[in-house]
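Next up, some structures in structure tokens.
Two complexes, one shared chain (chain A), two partners (chain B, chain C).
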Partner chain A sequence: MRTREVVIAVSVAAMVVLLAYAIEVGGLGPIAPQRIRDLAATYLINTYNPWNITLSSLSLEAVTAIVWDYRGIDTFFETSVLFVAIVGVTSLLRGFREKTGLSSAGLSEIVKTSTKVLAPLILVAGVAIALHGHLTPGGGFQGGSFIAVLFILLSVTFSLDYAISYGISSRKLLALRSGGLIGILVTSLALLIASLILGVNSYIFQNMAREGAPLSMPSWFLDRPTGGTLIWFNTFEALAVAAGISLAFLVLSLREEEVEEALGQVEWYE
Partner chain B sequence: METLFLFIATVAALLSVVATYLAIRARDMLSAVIFSAVQSTAYAIMFYIFMAPDIVLVYIPVSVGVLPAVTILLIKRTERYER
Partner chain C sequence: MGKILSYLAVYALVYGFYVVFSGATSAFSLILGAVGSLLVSLIVKPLIVSRELKLADIKRLGYLIYYYIYYMTVAEVRAHLGIAKIVLSRKLKISPAIVKVPYYVSSSYGMTLIAGSITNTPGTVVVQVDTQRKFLYVHWLVATTFEPEKARESISSEFEKFAQKIFG
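After this line comes the complex of A and B, so read on.
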């Protein structure tokens, strides 16, 4: 039995290596060329192009510029998918309230101490990734999921009771998540509202001035580039993702006593 | 230098294949989750070497942090050993 498994594993690995070799020598058709394609070159030239602002997003990072500026509505609906899933989880188990004094006091002192050292580092990394999304790789979703992982880590090592006793509840996380989503909505409509007041044309998800739509978001804060709408989108997305994933974890990790109370409440409604 | 990077990517790819196989074969669901996390780590290395740092930053917290946490909660609610 053991030898059979080893043989299967080695043969699968050999297949991967041979396939990779075949692709490398071009045996399975042409692979991606070394030179940059015209579409990619267009994005690379125009992502930060202060001489022709009507094609540019004034962001130093091409991926964030594509994700939140050139393809903004795409990303908006991708984000909606995640949040609809979280709404599904919370509505499935609606009506429960967190109780303290149910779980144990968490993991051992060694784990707690090392988590105390790690926790601020993870928080700073998450916030930096989110706020520098228009300068370096990363963005709102990445930073937000870092912060959500921090919440999961703390609620595992220090027990859920500890997190709840610090005032974290599913209602507050839901409010934070909704605040982030409203922020994204306001940012995407900000220039539209401003143009209605000033009486000029503009688009939804507009960042920099376009042909026929002269308004643009402020792209500098003191001496720092902000990428116009990008820093706002990244901030609010980080807030919404961190609160949303933490909320999903909190709801999924609820204890039997809390479930029973929620079920009793449903019967009471009926 | 490029050869070294390709060598690291190859090692990560082989590791991911072995970890995937072990994750599928494992009878203990908890060790299957851990093998899956090992596979995700190998994929994160490959994404980094193939110049997709944005994907790495989203792949590490989701596949090594959130996904095992949720799956372990699921195992805790159901059964640990596959019959």
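After this line comes the complex of A and C, so read on.
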């Protein structure tokens, strides 16, 4: 028994040492390639390039700059796809009515109280991630998902009843979601509208000044860059995603009594 | 007055966490965070505050900080040493059992603090709570007694003393 334990201990230690040595001398191949491709280099150089603003989006975060500036229209349609999915979910059970007083047991008192303490922290963490999207990893979608997690946590630990009686309703969530989308739309057209008034050229989804389109979004707030449109896109996207995912979860977790009418209608159509 | 104080306390918690979480001290982050935290505080205050605060409650905060230091240094180390002894010894000397432990604090925050403290120290885990009759059901790795009062004495009386002072 004793010898077996010693053999196991020695062989595990030997494995760790040998693996460390193999990695150290590059025996497993390079962990990350040393050279980056030209396309990647172009984005990395121009993401924050105050010397040549016509190529830059003045954001310190390359991913956000690509997602919301260099390929902004693509992201706009991604957001639309999510919105259409949520419209689909709500229309599937159209005619449902949220009710309170059905079942409100939820999980144990300990889980409830712990969730209460966590709630403000989750919420403000989501806000922080969304607002810093153009400076650090993260962004509107990630921040909004954080906030949606809070709603899911609340409706699981406290029951959907509690969430509804706290003032969350599908109507409000849909309004918030639409508000976020309208915000995104306004942001993407902001410079176009300004250029129509000033009589110069500009593009849809324009962020910084481009060749022949001289207008730029305000790119600094106090002591940090805002990435022009990026901070607005992130803020509105966070709002839209938080409300949208919450709404989808709310509809999917509706109780039988709440969808009776909606389902009854379907039978009647048949 | 109590209402304003409650909002201020929630705001301090939210904004303090924002600053630590974002780790940024730029005016950009601090000012946007102040606005964001204000919105968050307005939304969550009715959820997390069950009674309006008074100015005298500030000493409860002092107890909380004292308890945190005590718990992290004394209680945790003591419990870890006990478990380490069991884990490292060649002979398994345990007597696992689920015991009933009463608690006497009135607020759910106090009860949660006790339950969390019990669970977070190795060797004891709260598996169920009966809020009506005020019992915690605790899985205890080295159960020495099944008597609720005696079990409380050796598991949670230390935690409960602070929970009473902090949350009431």
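Operating definition for what follows: the second predicted complex is superposed on the first by the 229 of 270 C-alpha atoms of A that agree within 3 Å, B and C clash if a C-alpha of one lies under 4 Å from a C-alpha of the other, contacts with A are read in each partner's own complex, and residues count from 1 in each chain.
Methods note: contacts are C-beta pairs under 8 Å (C-beta built on N, C-alpha and C of every residue); 3 or more make two chains touch, one makes a residue touch a chain.
From a predicted model like this one, the values you see are computed outputs, not experimental measurements.
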Exercise. May I ask you to decide whether A:L121 touches chain B, chain C, both, or neither, giving the answer as first, second, both or neither?
Key: second
Quiz item: Looking at the overlay, does A:A20 come into contact with chain B only (first), chain C only (second), both, or neither?
Solution: first
Quiz item: Touch check for A:L60: first (chain B), second (chain C), both, or neither?
Solution: neither
Practice problem: Look at A:G139 in the shared chain and tell me whether it touches chain B only, chain C only, both, or neither; answer first, second, both or neither. | Solution: first
Practice problem: Considering only the touch criterion stated at the top, classify A:V156 as touching first (chain B), second (chain C), both, or neither. | Solution: first
Quiz prompt | Residue ranges of chain B touching chain A (in the complex, touch as defined) | solution = 10, 13-14, 17-18, 21-22, 25, 53-54, 56-58, 61-62, 65-66, 69-70, 73-74
Exercise. Please name which positions on chain A make contact with chain C in the complex.
Key: 108-110, 112-114, 116-117, 119-121, 123-125, 127-128, 131-132, 135, 166, 221-224, 226
Quiz item: Can you list the chain C residues touching chain A in their complex?
Solution: 10, 13-15, 17-18, 21-22, 24, 26-29, 31-33, 36-37, 39-41, 43-44, 46-48, 108-109, 111-112, 115-116, 126, 128-129, 131
Quiz item: Where on chain A does chain B make contact in their complex?
Solution: 5, 8-9, 12-13, 16-17, 20, 63-64, 129, 137-139, 141-142, 145-146, 148-149, 152-153, 156, 245, 248-249, 252-253
